[in-house]
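The chains carry the letters A, B, C, D and E, assigned in the order they are written, with residues numbered from 1 in each.
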Amino acid sequence: MLEVRDLSVNYGHFTALHSVSLNVNPGEIVVMLGANGAGKSTLFRTLSGLQRASGGTAKWNGTPLTGGKPEYNVAHGVAQCPEGRLLFPELSVEKNLRLGAFVHRKDTAGTNRELERVYTLFPDLVQKRHAPAGSLSGGQQQMVAIARSLMARPSLLLLDEPSLGLAPLVVEQVFAAVQRVNEAGVSVLLAEQNAFAALGIAHRGYVMESGVLTLQGTQQELMTDDRVRSAYLGV
Amino acid sequence: MLEVKGLGIRFGGNHAVQDVTASIEAGKITAIIGPNGAGKSTFFNLISGFYQPTSGSIHFLGQDITRLATHDVVARGIARTFQTTTIYRELSVLDNAMIGHRVRTRAGLWDALLRTGRERRDEQESRAGGMAALERVGLAAQAGLPAGALTQEGQKRVGIAMALSSDPKLLLLDEPAAGMNPEETVNLMGLIRELVGGGLSVALVEHKMSLVMGLADEILVMHHGQKIAEGTPAQVSRNPAVIEAYLGSHAHGGQMGQAGAGEASHA
Amino acid sequence: MTTFLQQLFNALALGGVYALVALGLTLVYGVMRVPNFAHGGLYMLGAYLTYASLTALGIGYVPSLIVAAIGVALLAALMERVIFYPLRNAPHVSPMIAAIGVLFFLEAAVQLIWGPDFKQIAEPVSGIVNLGGVIITWQRLIVIIASVIVMVGLNFFLKRTLTGATIEAMSQNREGARLVGINTNRVGAMTFAISGALAAVAAALIAPINAVAPSMGEVMNLKVFAIIILGGMGSVPGAIVGAFLLSFSEVFGGYYINLDFADVIGFAMLVLVLALRPQGLFKRGV
Amino acid sequence: DKVVNIGYSGPLSGGAAFYGKDVQSGIEMGINDINKAGGVTVNGEKVTFKLVSLDDRYLPNETATNVKRLTSQGIDIVFVPHAGGILTVQPMTTRDPEFLLVAYSSEPKILEAKNPLTFMLPPRYDNYLQPFVSTQMKAFGKKLGMVGTTSAYGKQWAEAVTGEWKKQGGTVGADNGVDYGTTVDYSAAVTKALSEKPDVLFIGGPSQPTALVVKAAREQGFKGGFIVMDQAKFEQMDQVVPVSYLNGSVGVLPTKEFAGTQLFVNQYQRAYKKIPTSEAALNYMGINVIAKAMELAGTTDDPTKIKAKLDAAAKALPQNRTVFKMLGVTPDGHADAEFLIASVKDGKYTKLRVGKVFK
Amino acid sequence: MTGRLPGGVWGWVAVFVLAALVPLFRPSGYVLDIGVNIMIYAILAYGLNVLLGYTGQLPLAHAGFFGIGAYATGILTLKAGWSFWLAWPAAVVITALAGLLLGLVAFRTKGDTFAIFTLGVGVIIMLVINKWDSLTGGNDGLNGILPPAGLEALSRSVGLKLSGGFYYLALISLALTVLAVARARGSVFGRSLIAIRGGDDLARSAGIDVYSHKLRAMMLSTAIAGFAGGLYATYVGFLGSAATGPVQTFTILLYLLVGGLGTLAGPLLGPALLYTLAQNLKGLQDYQYIVFGPLLVLLIMFAPQGLVGLWSRLTARRTPPPAAPPTQKEASRAGS
């Protein structure tokens, strides 16, 4: 279980997260809604260890995630598809993906199996497997980023706006895949502007505004909440 | 106003754009859609002179611009924004806009060193041109802020302002709504409509069907570097090839297509 | 004809020398993009550590080489930790100037310890090989062979091993590398250590041909940077081709045109190649 | 008692540091000897010396700055050991404030400038030409190959030796000069020179690179003789290559082989733990001549008067301060010291007779 | 807009007035010499700043152009018998043209390749100066370049020595350079350079003719280097190839970086601090670089934006920054 308690993050003088507390239960898909600049990415970066917290705790199955060491977090099952993708642009797509499985470097067979799986998920990547990741189209790079996070075979998957730049058909596929991954037992925390699609697969959700969680509820509750409908669903 | 004939480019063995013949009409909004890697951004890069095509021609307002350098293309009146927001984050919002106005000024090094009349005139015009562009995108109040301090959406507007201050006739927008929430997307649509109302022509690449269907007068569909369909939103969204390659369930008013925000603000 | 063949061997030997030094730099400059202008200093220090181990410790040549390699590797790793790592987000010129500061320091420190005069390291395998009038010393042969071995080894390491891939990954996106679980601190220090060790090995092999002096690194510095760009950033075979291209233009330019202008010819070749192929001879492999 | 500061600007870091340090050590040892003996008496006052050294990395503009700094501290004697620096500061000697420039360089232009306040220490190199050439031509043959260094001084030498060799009826191959300061491997230059099958090779720059040239030549099978330019010192070269490689060379006699230098050599080696060369020896004598000249002139701060007494001082230099015999100082300000040349036979240095000497 | 010079026009006027007062206190020739050297290096650094600081291109041939300017001045006065006052501007033009020539080819490359390309050219310039005996005097150098005609007489007429005259000549040259660079930076042209610094592609798509702007920046940069070179030639009176090589380029680079890249005060502050520091460290003899090297590293590490950056950081600490979180709508704090 992911337990976040009173998590705060500062960028210099500016506080991006104010005492955020939330849970993700095992096997859940939880969506994080919020406007631009609300602090979603900050939360995700903190949970994956890229960003240091200035207060509070976050634990995944009891393992503290706030040490500022992403390599530690991923080794403990927390993988992130980050905002900005953070790919290795001059390495081939396949090397990018294989490096995604770095924490399983002893288990080549498992990595190969996972590789086949992500290639079936994103068939577009197959013919690009030897191309430098940086030469791919924007959407294709987003696919690599998602696929790379799956390669770590995480128990908690952090997806920061995975649908960014993806064609509608692919968005559907991605969300379907997330659902499948989740059914295999992986917990997912998902930030999305495409709230409609995200809520479609989520069990629960939170709304973040200016670094504060302002709303939470089940899929149904959020879908029917007036503020959510007007601000995030555009209806 | 823009005609491309048999346009193509290859990277190594990969035909990113292949034999595309199409035109973009003046005063209209043309959307270009297609799967990831279809060649949409590359198509824009070819038009704006970023890449040199390996085949075909590009005519703008009757003139051949196929081999022109990017800055000359901008000077002829085609400005563009990038897929990922690229602006000068450390410069002020106004400076960003003024940089876009450079193509309309002629003051050079000597003018700078000698502070000639032209230099002073051009500087004033840049400022005025930059401010005008900021006003069009609604950023006049933020002119003095560093561009990096703005929200994602604000930064997108800065990018558009930069393009607008070059006083273009045709504006190319590459995924302007990426990363925007529905509310912001609606605002953006309003902005684009205003621009077109002011006489500008717009071509845009976008995966958000709410925006495309709500905004476009004309849609051009690309797949594997080729044009596979064109027409009005209604025509295109019924085209089986487009549905199969790109739209999937959204053609039938799926999750994104149905987000009728665009329609709502029509009223 | 013998003269031509002799020059051919001379060029090969010189190319071997350049290649050995350049290969050490490829890792930190070509791959990690850290403009480590102190590399010449590490090379120089390697020569002095070899010399000191030979004379002061009285151990043999190979043990001395190993001592020097370890010593320089540790220093290089330390440099990465305290200087280049903190400067990783600074503009490119900052680490470059800091590295020059290190170079100043190393040269002055070595001069203070060992004096400004030349030292000599005896050839471990002395004597010459005479191939029908063409003469090459054993030491030069060793240098040529070593440069090829190091090239093959390094290329294998970077392209075929996971550790090699982690180095490239880290150099291209440090955050991304950490996200997939790479301990970038360790990889960074390790990369520098390997580069330092290579510099020291190069020095130990080359020193018997040339003399050992505090300024020996400066002479090499510019050339090896040029070689890496010439071959194509990040390309290991490119570095070796660049090295031999430079040595061949120097030797044969010197022979057919004017010896005094050999260096001019070498750099002119660099400028010419880059004017025609701005990305270098080899593009970075994937 | 009075302490007089002596200035020195030379390369103390960078590629030429070993050279600058050698020169500096000679001046320093001279000053130490004088001070240990209680200094000199000038106008009834006891005077001791102190050396103020500044690094100029062999760069003339740095020398100029250093000299301005030294003279603004009231220093009236400045040693500079490289032609570029000397030529740059020569015009400054007579500007306000005046100072005596002690030039350690054999560049003839220094004397040609007719500067009234320059004291030039090394012997003119043209004295070596005739004996070097005639010895080697007789011993090995008439064809000379050229692999000198391309420093200003090296080029002068190469030109002069070419002229002399031709004058004595020999032929000279193409000039294969290379920069001894930056060349990584001399094989290519040597191969090119040897392709003309010379009997004798002209070589020379700093000692150690010169030795490497010898090595490359011997390894490539060269059996002839070498003419070694005076900048290279046999006693340093034989530390790098076996002395047998040097057999058949002519060059400057090692300082320790001069008669009566034993005292200096021993003392120097004790203090500096390195081989004394003529750089150290001549500068050692230079500072002693200056001290003596101050005594004779009765002033420590009037460069013109001190300069006027240099000749007398040189002639009056006591035996224990002499390394090479000092015959005097010419009116142009050039020290006229004895110089000796040697050839190497069976690993031994043998003095050669010198015919006529230029002044 | 009067505030063309960041840091305030009056601040600069004050600096130059203060500097102009220095000779009136009759300092030693050494102090004036340091002043002149600092100013020559500062002019060079200003030139480099145009390319590196504003345009974002790292040219490693800068000392070569300094050399071209210096040797052109030296050769024109010594061998062609020109007056210095003619030779100097001619040298500036020659250097600018040489810069144009280099730029035409070099700007085909970018980033590190551009840097190394120009480094190669820099080495070639130095070597050619070194080897072209008949024109440049080769290793002997060019000796006996005279002070500018009339400078000594002029100095004496106002009661100064020649060194004082040189000091004022350098000061005026520096003032001209600062003015030129400030104007270039604050212009429509200069804004385009800044745009190029942010990346070729972005600048291109914003409609800037990147190549031609880079070329002109290169010419301005090298012209300034040639300007400094001419001054150097007449001041030192001797020219050797060593001052035209990469070591010199890196020295200037170091001055600029320590002063503050892309700032107007940096190119002056850097040489002022580092040159004085190096002079003072000379007393340490063998230890000078043992101290200087690490000091340099520390400066780079703890003042990454140079002295100017350090200064603004220190002053900023006293006045807290305007807390301006990006505009956001009010958070509705309703829990659920």
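Just so it is clear, a residue touches a chain if its C-beta (ideal position, glycine included) is under 8 Å from a C-beta of that chain, and two chains touch if they have at least 3 such contacts.
Listed by chain with UniProt protein names: A, B = Branched-chain amino acid transport system ATP-binding protein; C, E = Branched-chain amino acid transport system permease protein.
No experiment lies behind these values; they were computed from the predicted model shown.
Visitor: From chain A, count the fewest steps through touching chains until chain D is reached.
Guide: Each step joins two touching chains, and the minimum needed here is 2.
Visitor: Write down the chain pair with more C-beta contact pairs when B-E is set against A-C.
Guide: B-E
Visitor: Measuring between Cα centroids, which chain is at the maximum distance from chain C?
Guide: Using the mean of the C-alpha atoms as each chain's centre, the farthest one from chain C is B.
Visitor: Based only on mean CA positions, could you tell me how far chain B sits from chain C in angstrom?
Guide: The mean C-alpha positions of chain B and chain C differ by 48 Å.
Visitor: Averaging over Cα atoms per chain, report the distance between chain B and chain D in Å.
Guide: Comparing mean C-alpha positions, chain D is 74 Å from chain B.
Visitor: Between chain D and chain E, what is the separation of their C-alpha centroids in Å?
Guide: Computed from C-alpha means, the inter-chain centre distance equals 38 Å.
Visitor: Could you please state the distance in Å, as a whole number, between where the Cα atoms of chain A are centred and where those of chain B are centred?
Guide: 29
Visitor: Residue numbers in chain C touching 2 or more other chains?
Guide: As it turns out, chain C has residues touching two or more other chains at 107-108, 111, 260, 263.
Visitor: Where in chain E do residues touch at least two different other chains?
Guide: Chain E, residues with two or more chain partners: 131, 286, 288-289, 326, 328.
Visitor: Multi-chain contacts only, two chains or more: what residues does chain D have there?
Guide: 12-13, 150
Visitor: Any idea which chain C residues touch chain D in the complex?
Guide: Per the touch definition, chain C meets chain D at residues 3, 6-7, 10-11, 13-14, 17-18, 107-108, 111, 115-118, 120, 128, 135, 137, 140, 209-211, 213-215, 218-220, 250-251, 254-255, 259-260, 262-263.
Visitor: What part of chain E is in contact with chain D in the complex they form?
Guide: These residues of chain E touch chain D: 28-31, 33-34, 37, 131, 133, 138-141, 143-144, 161-162, 232, 236-238, 240, 242-243, 279, 282, 285-286, 288-289.
Visitor: Note which residues of chain C are touching chain A in the complex, please.
Guide: 162, 165-166, 168-169, 172-173, 175-184, 234, 284, 286
Visitor: Could you pull out which chain A residues touch chain B in their complex?
Guide: 35-37, 124, 128, 131, 135-140, 142-143, 161, 164-172, 193-197, 200, 230-235
Visitor: For chain D, which residues are in contact with chain C within the complex?
Guide: Within the complex, chain D touches chain C at residues 12-15, 17-18, 20-21, 150, 175-179, 181-182, 184-185, 187-189, 191-192, 194-195, 206-209, 212, 219-221, 239-240, 274.
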